[in-house]
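What follows is a group of structures, each given as structure tokens.
Below, chain A partners chain B and then partners chain C, in two separate complexes.
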Partner chain A sequence: MVKYVLKRLASSVVTLAIVITIVFVLLRQMPIEGYFDNFEKLNEAQINAKLANLGLTQPIPVQLKNFFANLLRGDLGTSSRYSAGTSIASIIAQKAPLSACMGLMSMAISLAMGIPLGAAMARSKSGFWDKFGTVFIVFINAVPAAVYYIFIQMYGTSWMGISMLFDRNNYVTWILPVFSMSLGSTASYAMWIRRYMLDEMNKDYVRLARAKGVSSQQIMMRHVFRNAFVPMIQYIPASILYTISGSIYIESLYSVPGMGGLLVDVIGRQDNPMVQALVMIYSAIGIIGLLLGDLLMGVTDPRISFVKKEGAR
Partner chain B sequence: MKGLFDAKKRGLEASVTAAVKGDLPPVNEDELFVVADYDAAAAEKTGYSNYSYWRSTLNAFLHNRAAVTMLIVLALLLSFTIIQPFLPGQYGANTINNNPITGIQLQNQSPSLTTVYATVPDGTQLIGQRLDENWYAVSNVLTTIKAREKITVVEYGETWCRIEYGVLTGYVKNNFQTKLKLPDDPTATPYESRSSFPLALYQEPEDYTNAGEALYARAESIAEGENGAVTTLGETQLRTIPSDKAFLFGTNNIGQDLWARVWSGTRTSLWIGFVVGLFEALIGIMIGIIWGYVRALDRIITEIYNVLDNIPNTIILILISYIMRPGIGTLIFAMSLTRWLGMARFIRNQIVIIRDRDYNLASRCLGTSTGRIMMRNLLPYLVSVIMLRMALAIPGAIGSEVFITYIGLGLSVDTPSLGNLINEGRKLITSASLRYQLIFPAIVLSIITISFYIIGNAFADAADPKNHL
Partner chain C sequence: MTEPILSVRGLHVMFNLRGRKLHAIRGVDLDVMKGESLAIVGESGSGKSVFVKTFMGLLDANGWIDGGEIVYNGEKLTDYKTEKQWLKIRGGEIAMVLQDPMTSLNPLKTIGAQIIEAIELHRPLRGRESYGEMISLLKDVGIPEPERRAKQYPHEFSGGMRQRVVIAIAVACRPKVLICDEPTTALDVTIQAQILKLIRSLKEKYDLTTIYITHDLGVVANVADRIAVMYAGDIVEIGACDEVFYDPKHPYTWALLSSLPQLGEKGEDLYSIKGTPPNLFADVRGDAFAPRNPQALKIDFVKQPPYFQVSPTHRAKTWLLDPRAPKIEPPESVKRLASEGVSGFGE
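Right after this comes the complex of A and B.
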């Protein structure tokens, strides 16, 4: 098992390098107009001077070599256009904790609400909880997030009598953004838990357990829920890690100075060093998340094995 | 019931007695060991049952009333979006509608079912001007009195005052908008008065204008008099625009018909959703199964997934729209390029869970080929989850189109889609009177999503054979 993990980690490093190289090359294909605010007004000499200043006139392999050399020294570089001259590490260090904090809170809420809701829905098939949950899930899935977020903000802030904008030190202003953020995942956790539990409840071993006289409480918790949770657990580590990327809608609605939308923003402004740094961080998170998810899946369900078995293909 | 039981019991007793007494007919032992010939009918008896998986699934699905209703709703919606442009009296989705007199765009007209503003009786005196062969622009405003000009009130009323202005006699409104300067006892007429605001001088104490703008009447119901005076022939409908075609969903901020735009947008978005959803399902399921089942490929595909999944979609979208001509095709291409990844990972996780179950192990021991195990052992097992996931793929694709528009990489407003309509409407949410521009596209999107969700869930339930009985 350890060998398997080490192998996966080693190949992850290679993957990471490939991702960065691809993104690096793709970024160099972007239109050069994007690097300027007033492209039409500049003459060729000025354009070339700016491009040289950004280090874009060198051949791509040379640029790539310099980038990796700096990276190995632990230097992420400085932002070129988003906040020119500021070191990227400091920008991220300032923004990421806030997003992660909000994201973790909303994730805790959605796990705490979504899983019991889904379980209750599965148990009371076509009873009250099932109907209530279905309405909730249908509503959340049907109305675009961009729309119900605005309504929550408009009515929520006026009902609570607080300002529309987020203030880090005023804890009341945390409630609405965190709550809005949790709604989507609450619905999706509830939906999938219900689906998996229903699939599981129809299986023969549950029937046998019932015939043996195991209490329905125990069947649900010990057998059905445990098996139903396995397919979801793969996503949990990645979701936890991805909380640092923030939510683009929520953060722009409440003016939260977090990471949400930062990547889209810097891609739009063609701030290459920032894009590369963010892509690298998010990729690392994604890769580690997938690995942790696989491991967790193997821990919860011992029948799952990633190591080659006899007779396996 | 009891009689039947007794009869059987008696029959059994009789045969036992006969056997014990040795009364049974003698059996030739050789007869018992003759090889039986192949008998097709006898083989059918045990081998054939009229159970068909898909027919039972369909039956179970049809028992779910809510799902069948939503299926009908969805079918109606789909067919309506297709036939809508061919219906009579539709505006173009990109036509900018102007006021024919002032040439100003008919901005932010509220939704209404009809263009009729008022119906006037036969012989009503109006001021009119011929617009074209079919329409007259009419109103009953004689003239506009400038602010602070002197007028003489001859008859005072709570809502209308009869006044004289130069040689003209007519009525002005008496409300907070006109704010006539009145003496202590306003009923003691006549007296001079004025207003700080411009006044419209009406022919009668009725307002036949659309908030100050001319109304329109059909030419055949108008008789022209002198100096622009016209008379109505028969009961006449005065309309807000020179057309019978109402803006059912209102107009947007440049005077485009929202009804036409919403249906055109639904068409675009459903098309995007179907194509992207189909690609997502096909490629995602195929790659997902191979990724999950074939251990030798697991590492490689995992790494490829990691590479592709971590290249930000935004970069791909920007680059594709930079290389290719922006439009529906480009958007579909860009979305298909990235969205199958999630499906593949989902299927892979499912496969990993069941690939080493005993029944698969047994199949492998019996030498079943990998392809057959995938198609016969793994896929049918996952039909219910795959169905739910696929049902969500189409609304999911539409939803991500909304997001792509939100970050400014979506279709341009010349190609209406639910994404850009909702995004345009979203900007107007703070003004309650314009909120309809968000609500109509959002309702259509919601209907589509709800239908797919309910149908998908019902189908997923129906696809599980355990629910077939």
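Right after this comes the complex of A and C.
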């Protein structure tokens, strides 16, 4: 087990290093105007002096080496245009917690609504809950999110008298953005748990459990639901980690000062150091999320073993 | 083998398949005697499994009992309405071993937990006691090192071992009737005999009545006291094992026996029954086997034969047993079986 984890960690680090290198090299191909606020007004000497100052005149392998060296010391670099001169770590530290907090709340709501909904759908196959849930899922997936986000904002704020703008100290203003954010994952959790439960319900071991006299209620709880949840567990760590990236649309709709849209923003402004740092963070999240998902799956499903067995069965 | 423990009268089962009605069981009468070992044989789709599922209220949601009654130990099972009533029967009175041990255990629960679940459902044992009972059941079904094995998951067991676990679950609640639905079909030939032997020894130990469902006549010859031959949702012939093997009366039984590979002549093609079973979506007229029977009588196409009693224990539904019927001899291979027996049959 420990050996497996270490091996996976090592390969994750390698993957991440490759991603960083590719992004780093690509960003060096960008026009140099991105590093200046007033490029047109400067003469060549001033430009070169600034580039040299930023370390950009060195050959790319040397720059890359410096970047990695800084990274190992925990230094992500400083923003060049988004908020010139501020350290990237402090920008992220300011924005990420808010996005993560909102994301986690919405995820908790999605799990709390989506899983019971999906389970009810599986139990009443083609009954009321199944039809209700299907309408909900189709609606959420078919209608562009922007449409119902705006509806929720319009009607939510006018009926409930909540302010349109988000204020981190006024808890009422959290309700609408968090609720809106949770709808999409509620639908997908419901859809998947329904599907996995129906798969399990048609298996022989459920028939055997019925034949040995387990009531349908207990078959659902002890056998079907539990087994159906295992394949879903894999995706949960990644979903948790991704909450820090925030939701572009909802954060701009309610003016939430979070991470949502930050990457798009810094790409637009050609803030290369920040693009680089954010891409690195997001890919690290993805990689770690997958790793944790696999490990969690291995812990919950006894059929998955992390050690190679010789001559199994 | 005196009184019936389970008796079925005029049972009809229907299924609704996309709006069409399928008549799966067509008026079956059967008495299962206390302590006997009964085998129900027939080809795929003859209704064997559906028939025994009705004893435990386990028909799929689109199937229902459409007449007739099932009486178990004086209880009229066909009157049962709620799941709660059935829960006492399932596992506690009548238990079942399913065909495929590879899929009939929950892959995410330990073997021990799955047996204990069954024990605690029907018996007043808890905690330490049920653990002890579970270990002794594992010993009973011949699993070595039960303490260690109980902590393992199904994927760590071989097919034969899993079937032993399934059997342990089935007998865990001390049922009176054990239904084995093709218990050896999914297993290696070498394991089959062991499993049958195990079921037979548990039958003695726990005083069980066993019902085997199979299409393997080799299995039947090994284990059955009585044989019921099922065709198109009806029992066409039933009798003691010897009677059905050595003095069969129904043309379908003849055909079934002739298709035993052991009865074929070396170098000749194996016998197979021509045609397909009747379409049970439509009404079956006369003898259901008539269209596939080259020697069918005219009346076979018109009127359904009643049971004709051959001996106190042996009866068959065929017009050939009517005194007015022409004399039709069973095929050569079946007669040879009667005079010589079959070598290499069974164990």
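Keep in mind that, in the parts below, the second predicted complex is superposed on the first by the 277 of 313 C-alpha atoms of A that agree within 3 Å, B and C clash if a C-alpha of one lies under 4 Å from a C-alpha of the other, contacts with A are read in each partner's own complex, and residues count from 1 in each chain.
The rule is simple: contacts are C-beta pairs under 8 Å (C-beta built on N, C-alpha and C of every residue); 3 or more make two chains touch, one makes a residue touch a chain.
Since the model is a prediction, treat every value here as computed from it, not as a measurement.
When both complexes are overlaid on chain A, chain B and chain C end up clashing with each other. Shared-chain residue A:S216: touches chain C; no touch with chain B.
Set side by side, chain B and chain C differ in how many residues of chain A they touch, and the one touching more is B.
Once the two complexes are laid over each other on the shared chain, residue contacts for A:M30 go to chain B alone; chain C is not touched. In the superposition on chain A, A:I22 makes contact with chain B only, while chain C stays out of contact range. Shared-chain residue A:P302: touches chain C; no touch with chain B.
Judged by the touch definition given at the top, the superposed model places A:G268 against chain B, while chain C stays out of reach.
Once chain A of one complex is fitted onto chain A of the other, the partner contacts of A:R226 are limited to chain C, with no touch recorded for chain B. Once the two complexes are laid over each other on the shared chain, residue contacts for A:L208 go to chain C alone; chain B is not touched.
Overlap of the chain B and chain C contact sets on chain A: residues 203, 230, 301, 303, 313.
Those residues of chain B that touch chain A in the complex are listed here as 293-296, 298-299, 302-303, 305-307, 309-312, 314-316, 318-319, 322, 345, 349-350, 352-353, 356-357, 361, 364-365, 370, 384-385, 388, 392, 395, 399, 402-403, 406-408, 422-423, 426, 429-430, 438, 442, 445-447, 449-450, 453-454, 457, 460-461, 464, 466-467. Those residues of chain C lying in contact with chain A across their complex are 56, 58, 83-84, 87-92, 95-96, 98, 100, 103-110, 117-118, 121-122, 153, 155-156, 158, 166, 169-170, 172-173. Those residues of chain A lying in contact with chain C across their complex are 203-205, 207-216, 222-223, 226-227, 230, 300-303, 313.
In the complex of the two chains, the chain A residues touching chain B come out as 7-8, 11-12, 14-15, 18-19, 22-23, 26-27, 29-31, 137-138, 141-147, 150-151, 154, 195-196, 198-199, 202-203, 230-231, 234, 248-249, 261, 263-264, 267-268, 275, 278-279, 282-283, 286-287, 290, 294, 297, 301, 303-306, 308-309, 311-313.
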